[in-house]
Amino acid sequence: MSGQLSGRVTEDPSALVRELVLDPQFRYETRTLLPSYVAIEKAIVAEYLRMGLIDAEQARTLGGLLDDVTPERIEDARQQNLSDIALALERTVTEGLAAPVPVWHVDRSRNDLQACAQVMYAKQRLRETAGQLHALADAARRLAERSVDVLMPGYTHFQSAQVISAGFYFAALDERLLRRSRRLLFTYDAIDACPLGAGALSGQELAWDRERIARLLGFERPEPLALTAVASREWALEATAELGLLGATLSRFCTDLLMWAGSEHGFLDLPDALSGISASMPQKKNYPLLERIRGKTAHLAAFHVDALLGQRNTPYTNLVEVSKEAGAHVAQAFDTGRDVLRLFTAVLEGLRLREDRLLAACEKEFFGGFTLANQLTLRHDIPWRTAQVIAGGYVLAAVRAGHTPEEHAPDVLREIAAGHGHTVDAVDAEALLQDAFDVRRALRRMSSAGSAHPDRVGEVLAAQQQDAKVLADAWAVRADAVRTARATTDRALGLVTDTE
Amino acid sequence: MSGQLSGRVTEDPSALVRELVLDPQFRYETRTLLPSYVAIEKAIVAEYLRMGLIDAEQARTLGGLLDDVTPERIEDARQQNLSDIALALERTVTEGLAAPVPVWHVDRSRNDLQACAQVMYAKQRLRETAGQLHALADAARRLAERSVDVLMPGYTHFQSAQVISAGFYFAALDERLLRRSRRLLFTYDAIDACPLGAGALSGQELAWDRERIARLLGFERPEPLALTAVASREWALEATAELGLLGATLSRFCTDLLMWAGSEHGFLDLPDALSGISASMPQKKNYPLLERIRGKTAHLAAFHVDALLGQRNTPYTNLVEVSKEAGAHVAQAFDTGRDVLRLFTAVLEGLRLREDRLLAACEKEFFGGFTLANQLTLRHDIPWRTAQVIAGGYVLAAVRAGHTPEEHAPDVLREIAAGHGHTVDAVDAEALLQDAFDVRRALRRMSSAGSAHPDRVGEVLAAQQQDAKVLADAWAVRADAVRTARATTDRALGLVTDTE
Amino acid sequence: MSGQLSGRVTEDPSALVRELVLDPQFRYETRTLLPSYVAIEKAIVAEYLRMGLIDAEQARTLGGLLDDVTPERIEDARQQNLSDIALALERTVTEGLAAPVPVWHVDRSRNDLQACAQVMYAKQRLRETAGQLHALADAARRLAERSVDVLMPGYTHFQSAQVISAGFYFAALDERLLRRSRRLLFTYDAIDACPLGAGALSGQELAWDRERIARLLGFERPEPLALTAVASREWALEATAELGLLGATLSRFCTDLLMWAGSEHGFLDLPDALSGISASMPQKKNYPLLERIRGKTAHLAAFHVDALLGQRNTPYTNLVEVSKEAGAHVAQAFDTGRDVLRLFTAVLEGLRLREDRLLAACEKEFFGGFTLANQLTLRHDIPWRTAQVIAGGYVLAAVRAGHTPEEHAPDVLREIAAGHGHTVDAVDAEALLQDAFDVRRALRRMSSAGSAHPDRVGEVLAAQQQDAKVLADAWAVRADAVRTARATTDRALGLVTDTE
Amino acid sequence: MSGQLSGRVTEDPSALVRELVLDPQFRYETRTLLPSYVAIEKAIVAEYLRMGLIDAEQARTLGGLLDDVTPERIEDARQQNLSDIALALERTVTEGLAAPVPVWHVDRSRNDLQACAQVMYAKQRLRETAGQLHALADAARRLAERSVDVLMPGYTHFQSAQVISAGFYFAALDERLLRRSRRLLFTYDAIDACPLGAGALSGQELAWDRERIARLLGFERPEPLALTAVASREWALEATAELGLLGATLSRFCTDLLMWAGSEHGFLDLPDALSGISASMPQKKNYPLLERIRGKTAHLAAFHVDALLGQRNTPYTNLVEVSKEAGAHVAQAFDTGRDVLRLFTAVLEGLRLREDRLLAACEKEFFGGFTLANQLTLRHDIPWRTAQVIAGGYVLAAVRAGHTPEEHAPDVLREIAAGHGHTVDAVDAEALLQDAFDVRRALRRMSSAGSAHPDRVGEVLAAQQQDAKVLADAWAVRADAVRTARATTDRALGLVTDTE
């Protein structure tokens, strides 16, 4: 959108375009992409050097000037009416050159430059997101570990249905977060391909070594085809899709916490630093932070929709519409993801379970009906559907009689069984009821892998710990690759010597 | 989330909550809601005065101090760790009072205060949006008026199908924009109800006059029920829905402009100030601005989805999640709408039709087949489906023979007709072809109301002009109501005298 | 996509296209649009008659044959490989004609035909939706009317905050539903413009009377411009937007009902016919129906997004993409809206409030703090912020001492007030506490319009009743217009005589 | 929602619930899940056998009866008022038993049963989608292979910018489709975990071998935690996310095809079987199929949004809202994906490139400016920005003089260069222009990997071929695992003998 340098457009872009489009874009890129632009320019210099188009001295000089570029100097250039960060960077470096380097930027395009800088930015944000995700997963796991024996009602359909433990519940959160990390890692690897060298659209005329460029920029490989390299912004769709999925899952866990922290459940408490009060209801703690977290998860899905809408029905080529406008909120999407993860981590670290209220909520319910039916079948050969009807009948009779689960009525059970043609003797009936309706034995009655039995939960948590380590290591390897690449480039430009 | 003033929470909100939640919210509200907060506080003072709880002097003092509140002073208060703009405003005024006014803020809540300030902000943005919308509609109408005789191909299914005029096309844009203004006005009126006086949730204990409060704040009426007043943020859904609809429609017109400005069509040109060039293809003008506009329309729908997601499955009551977080991008949505409208207006004002290329594109096509079939039926009693087949057969024969539409072959027509059992004499055949395939007569052959006939388009444009005026007047009435209300409040507080 | 009748395409559409595209579309249109197609064809015949192109006998014959068209006959035509309902209808009628009517379908296009049939369908569905909406609003109002004195906790931020009544709550639902009806009516009126007479794109060559056509088809007016008439499907966006808004609002009320019906709240009950049980937990009632309703509201927003995505970035003209594919789920959207409304109505009609539990939930809370602070200010001149601190201090002291709200400790209040430098005598203190903490007086303490005071709620409900009537009448007027139009057309075709 | 068998609910579900909720769900599950339900029941029988709770004869009997279950018999059961496919299946089998098997279904839940059947269905649809995706990728690759030498303009910003080949373009489509297959495979592997054995929520009481169950059902592993097994439907989000991404990408390629098939470009043609004509414009071919495909891609994203909205803010547990309602359109999403892929494949198989028009579009453009600038720098040491200005100046001069790209004006070039202080001799100038502006040499001038050079495109296509094979093999391995599992189960139940 600039015409200062050559060609047909002779007027300046109007103030309107500058105000509403160019300047915001310029600032956005300075904030998000500048370090990547510098790194790319350095890799380009390294290639000119390799191709013998510049000499070592020129390479070192250009490299040094690139290292000196700061946001402030770029901003100065912008105020001289440059429309674009790439041109500003070129001007900044050029002004620092004692002697011109004629060949500099020959056979170059801004299309693959911008595509490359954006992917580098996306990679960085994905790595950061993974770090925040693991911090939350760790917090969930620690909370789970210390609460595998804290009984609580497990709900289905908003009704308490079975006894579980808080540890069992938070292990589920950890599980899903590790799943998200695994997908994020896959997403990262899928975009870890370097667009540079694609030129404007159709490739480049000089013999650029795209494998080497990819290596110098910390990519796993070059993007195979020039067209996809400049036309695609699938990474923006894929990254925001992952954030949207994360948001959907977290919104569900957050819904439980909000309800459980509410006045009728009263299962949870947060420290004062994470709570709020209304001036007019001073006896109450509110948890606006939980509302904020849940509310923010909505944005994550919306930003994905934004990216989808923005790319929809556009030609498959390099377009401002796709490369800039459709990705306008990607940074905001990552920021929101970061905030959600950090705030949720603070919540889990501060969360206090009100164990007395959790236990009381368990003890008031007749949870043992299913167990009773199981035992009627297994010990007394009563067909299972009939056993269910008998167990159900017993529970309903107890409820109607105003009994608590612990007040057993073996005669009632026997009578109902008899009504279905089955005999249960008095001792057995008492034993069955004792076994089935003791809340404190509920967890240990479970036996299957992955069940709420504290030992099973412990096994799952141990496996998660191991998984988390494997994943975190994989992320670390990728971060190292980027760091190493930077050093390699600096050596190639003669900016550092090997002895350093 | 604040506990400075009373009650159970004894620690300060943590730095994290402040950084990620409280401070951004505070700044957002200072930027968007402060004038409304001040206006509301003045209306509240007017009510205390009416109820005899404060005297005229106190009212004038409070009113004056409220008028002195600036964003900077509010920001100072924030830095003293106040979490909330309402508290900051209270503190700022309180510090200015020579003598305390004990009753000030009795029976008040921040819930209806915030709900009210937000609706006032939404109303303001809707009025501004309407103004921008009308500017675009006016530009579309002016462009249409000067191009009712500029022939161009009308496309269906990406194929040129009939001759239309550019004026006919841009009249359609005007039509849809006026429709949007009409819905926006309805949306405005639907939200023009004052939440103040709803208290925290269930109403207020003092005898507040909610009709008067609504009037003092420029609302058409009070919101009838306290619960809806504080719980609903439907305005955010409704306003963003309208922006989303606007975006969807504009994206379609923008798609045409993008394609028509492309190298194969070459129908349009924009002035240099609105164009771009690629340094490496200096002979080309690009129109990134059109891409930007179209790309920005995507955000409008996305922000609506954001609001929908944010409110979804929340309790129907006052919630931070709904009142703040779900509306976090509403200002951005309005900003985006404004940018789209302003940029699109600049485009239409600068747009140049390349009439030669438009005409050439018309002349190469055989548009007259439909007319020919009509006339074969009407003048020669050939059943219409047969007439279509004959006309189609003629066109195909002409295309195969390599004729242009103006090269008539009456004998071919007669032969094909004969093949279907119909006789057309030579003079008639020539006349039929002459009439049907003369591109320059195509528009004037149309006769129905709303057709592309220049006179019909002129009638539509005149009606649109009238509609636009009625709508603009209606918007002006609403802007006046708000201005008048402000003056009335100032008089009630004794800040201005009637002679002013 | 058909080439049987004329022109260049000589092969049959492949089986694939038929299976995946043409046949589903044909069946969809037969199901949804056939009656409108017939009505439109009759209006067209009436116009041929008016223009003198056919005679009265031909008109009556065509009209009679059109009345005889059935879905089955259309389906027969489809199986003869016709790709399109309009062609099938033409063939069906043609086969019934004893003598051909050559002029029939001269100057006609399928573009405006389909556009018109779709709008007629949309209008019908909107009217039906309004009826279902009013049924729900009536159910909400009846429920509200019988529960204005049923106390319940009002929540903010998931914490009980004030006493409200169930009637107050359900009046809010009624309020929002009437708002939705009002917007739906506006939406209806905005689309009540007849596309017929727009031809393929640019209008028609004969002197069709578009005002009369509109009238014969029950439209309020013709669509002004031919291009918008065939290019726009904004009605699909607007109608689904309204459904999406309805869904968002209902999802919130449904969230409350789900939580309140849950085991920890236990505020609500549904009859067995609307409840579910788990075989293994027979003592429990589940309310899967509430989950279904809430879940279905999600689809409403999604179908709007679908329409937005489908129209996005398409040329502004007649397109299969927009006219058919983008609207592919509109009928499903209306169906889902209908199901949500009918099921929600059944829920409200069957819902039983568990008044004992609601009252108990109120009585355990210290709701009076805000009132106490108000009175300390109003009666004792204690500045309001200090009064809040004193009231808050009293409540916290009472909670810590293990008191219930009804166990007053006037000395504690006096002591705290004294600590802030204010004297409250013993009699006053007792009176203040008695007044503030009596849950049963809470509602009647409210006085502002729209508050939870039973009388205020009654006034709101009476106004709603009136509103509902005005709206329902407006909908009835529109339904009448369509019915009348049908009769007028039949008279014009001589199908009925005036004496009938 | 059923109460026939036991417990408190005594009335039948109302007709409304049956009509709007239960019956549609029942039919949906019969259509989509029945084979999985049968397979799961067989695995359960195998486990009862392993645990010694039933004998081999009972196992074989149950297995045989399960194999005999048909949709028709399930439908009969539904009409006897069973609300649920699981109960219908149980009843159908029970009625076939000569002697009861009391233990059958002891310790079982419908929660993990349904979760498991749904994942099995999702896996099947993902495998099918992969097959359709690879068919499209193959078609794209074949088309690319035969058109690596077909020149066409490459566009950026809707302006032709460089010469590319059709093969280069379609290689990009292949590339992106393989990327989608890779992500789909990862998505598949992520959900390839068996929920069975999770019970209602908290696990099971008997010693079920979850590893073995997973194996018998063709899963790679069991889902680790009981809670996630029944609460999560992340697979629905993940699968629809992938479909949405596919839709976004395909919409872009489809946009190109639509534009290129339009009358002003005229680059493409489809066979008649895939084309349409308008009766009134018989000389035209329309491509409604392309519009359909593009339109359908919109639904893919919308169905993802539907799933996101449906799960949002629900408790993390087993819920009808999530398990059924939120996934209500998943099958439709897969169907739409299938239709898009099949139709797009038909398009690519039938697509004919109009090479003459493609070449003509190339030849009219001055594509060589960039090359010219490069060579001015490389051969003449002109600094690159200046070289660009000179090249741009030359092109503009040629355009203004009305030259075609092939009409060289070396003197003009020399003059402009001189104006910038650089000397180019006449021979060089001619050579430079000859080289730069020869369209037919454009592709072979490219040299970088992934460029449009036919050899480079060939290399990319060969690599894609290899990738496609690796991916297809991976999908085949997964399909085999499911087949093998089925046979293993049948052997375990004694339904087949090892000699078979």
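In order of appearance the chains are A, B, C and D, and numbering begins at 1 in each one.
What we mean here is this: a residue touches a chain if its C-beta (ideal position, glycine included) is under 8 Å from a C-beta of that chain, and two chains touch if they have at least 3 such contacts.
This structure is a prediction, so every number in the text was calculated from the model and none was measured.
J.: Applying the touch definition from the top, give me the chains sitting in contact with each of subunit B and subunit D.
T.: A, C
J.: Which pair in B-D, A-D or A-B has the same interface as C-D, with over half of the contact pairs matching by residue number?
T.: Match found for C-D within B-D, A-D or A-B: A-B.
J.: Measuring from the mean C-alpha position of subunit B to the mean C-alpha position of subunit C, what distance in angstrom results?
T.: A distance of 23 Å separates the two centres.
J.: So how far apart, in whole Å, are subunit A and subunit B when each is placed at the average of its C-alpha atoms?
T.: Using C-alpha averages as centres, the distance is 34 Å.
J.: Enumerate the residues of subunit D that touch no fewer than two other chains.
T.: 5-8, 155-158, 161, 200, 255, 259, 276, 278-280, 282-283, 285-286, 288, 291, 294, 298, 301, 305, 308-309, 312-314, 319-320, 370, 373, 388, 392-393, 396
J.: Pick one for the touching-chains graph, please: line, ring, star, complete, other.
T.: Drawn as a graph, the chains make a fully connected set, so complete.
J.: Under the touch definition given earlier, write down the residues of subunit A that touch subunit B in their complex.
T.: Counting only subunit A, the residues touching subunit B are 1-3, 5-14, 16-17, 20-21, 109-110, 200, 255, 271-280, 282-283, 285-286, 288-289, 291-292, 294-296, 298-299, 301-303, 305-306, 309-310, 312-313, 319-322, 324-326, 328-329, 339, 342-343, 346.
J.: Help me check something: in the complex, which residues belonging to subunit C touch subunit B?
T.: Within the complex, subunit C contacts subunit B at residues 5-8, 53, 100, 102-108, 111, 154-158, 161-164, 168-169, 171-173, 175-176, 179, 182-183, 186, 190, 197-208, 210-211, 222-229, 231-232, 234, 237-238, 241, 244-245, 248-249, 251-256, 259, 294, 297-298, 301, 305, 308, 311-320, 370-371, 373-374, 377-378, 381-385, 387-389, 392-393, 396, 443, 445-453, 456-457, 460, 463-464.
J.: So in the complex, which bits of subunit C are touching subunit A?
T.: Interface residues on the subunit C side: 153, 155-161, 258-259, 261-265, 276, 278-288, 291, 305, 308-309, 312-314, 361, 365-367, 369-370, 373, 388, 391-393, 395-396, 399.
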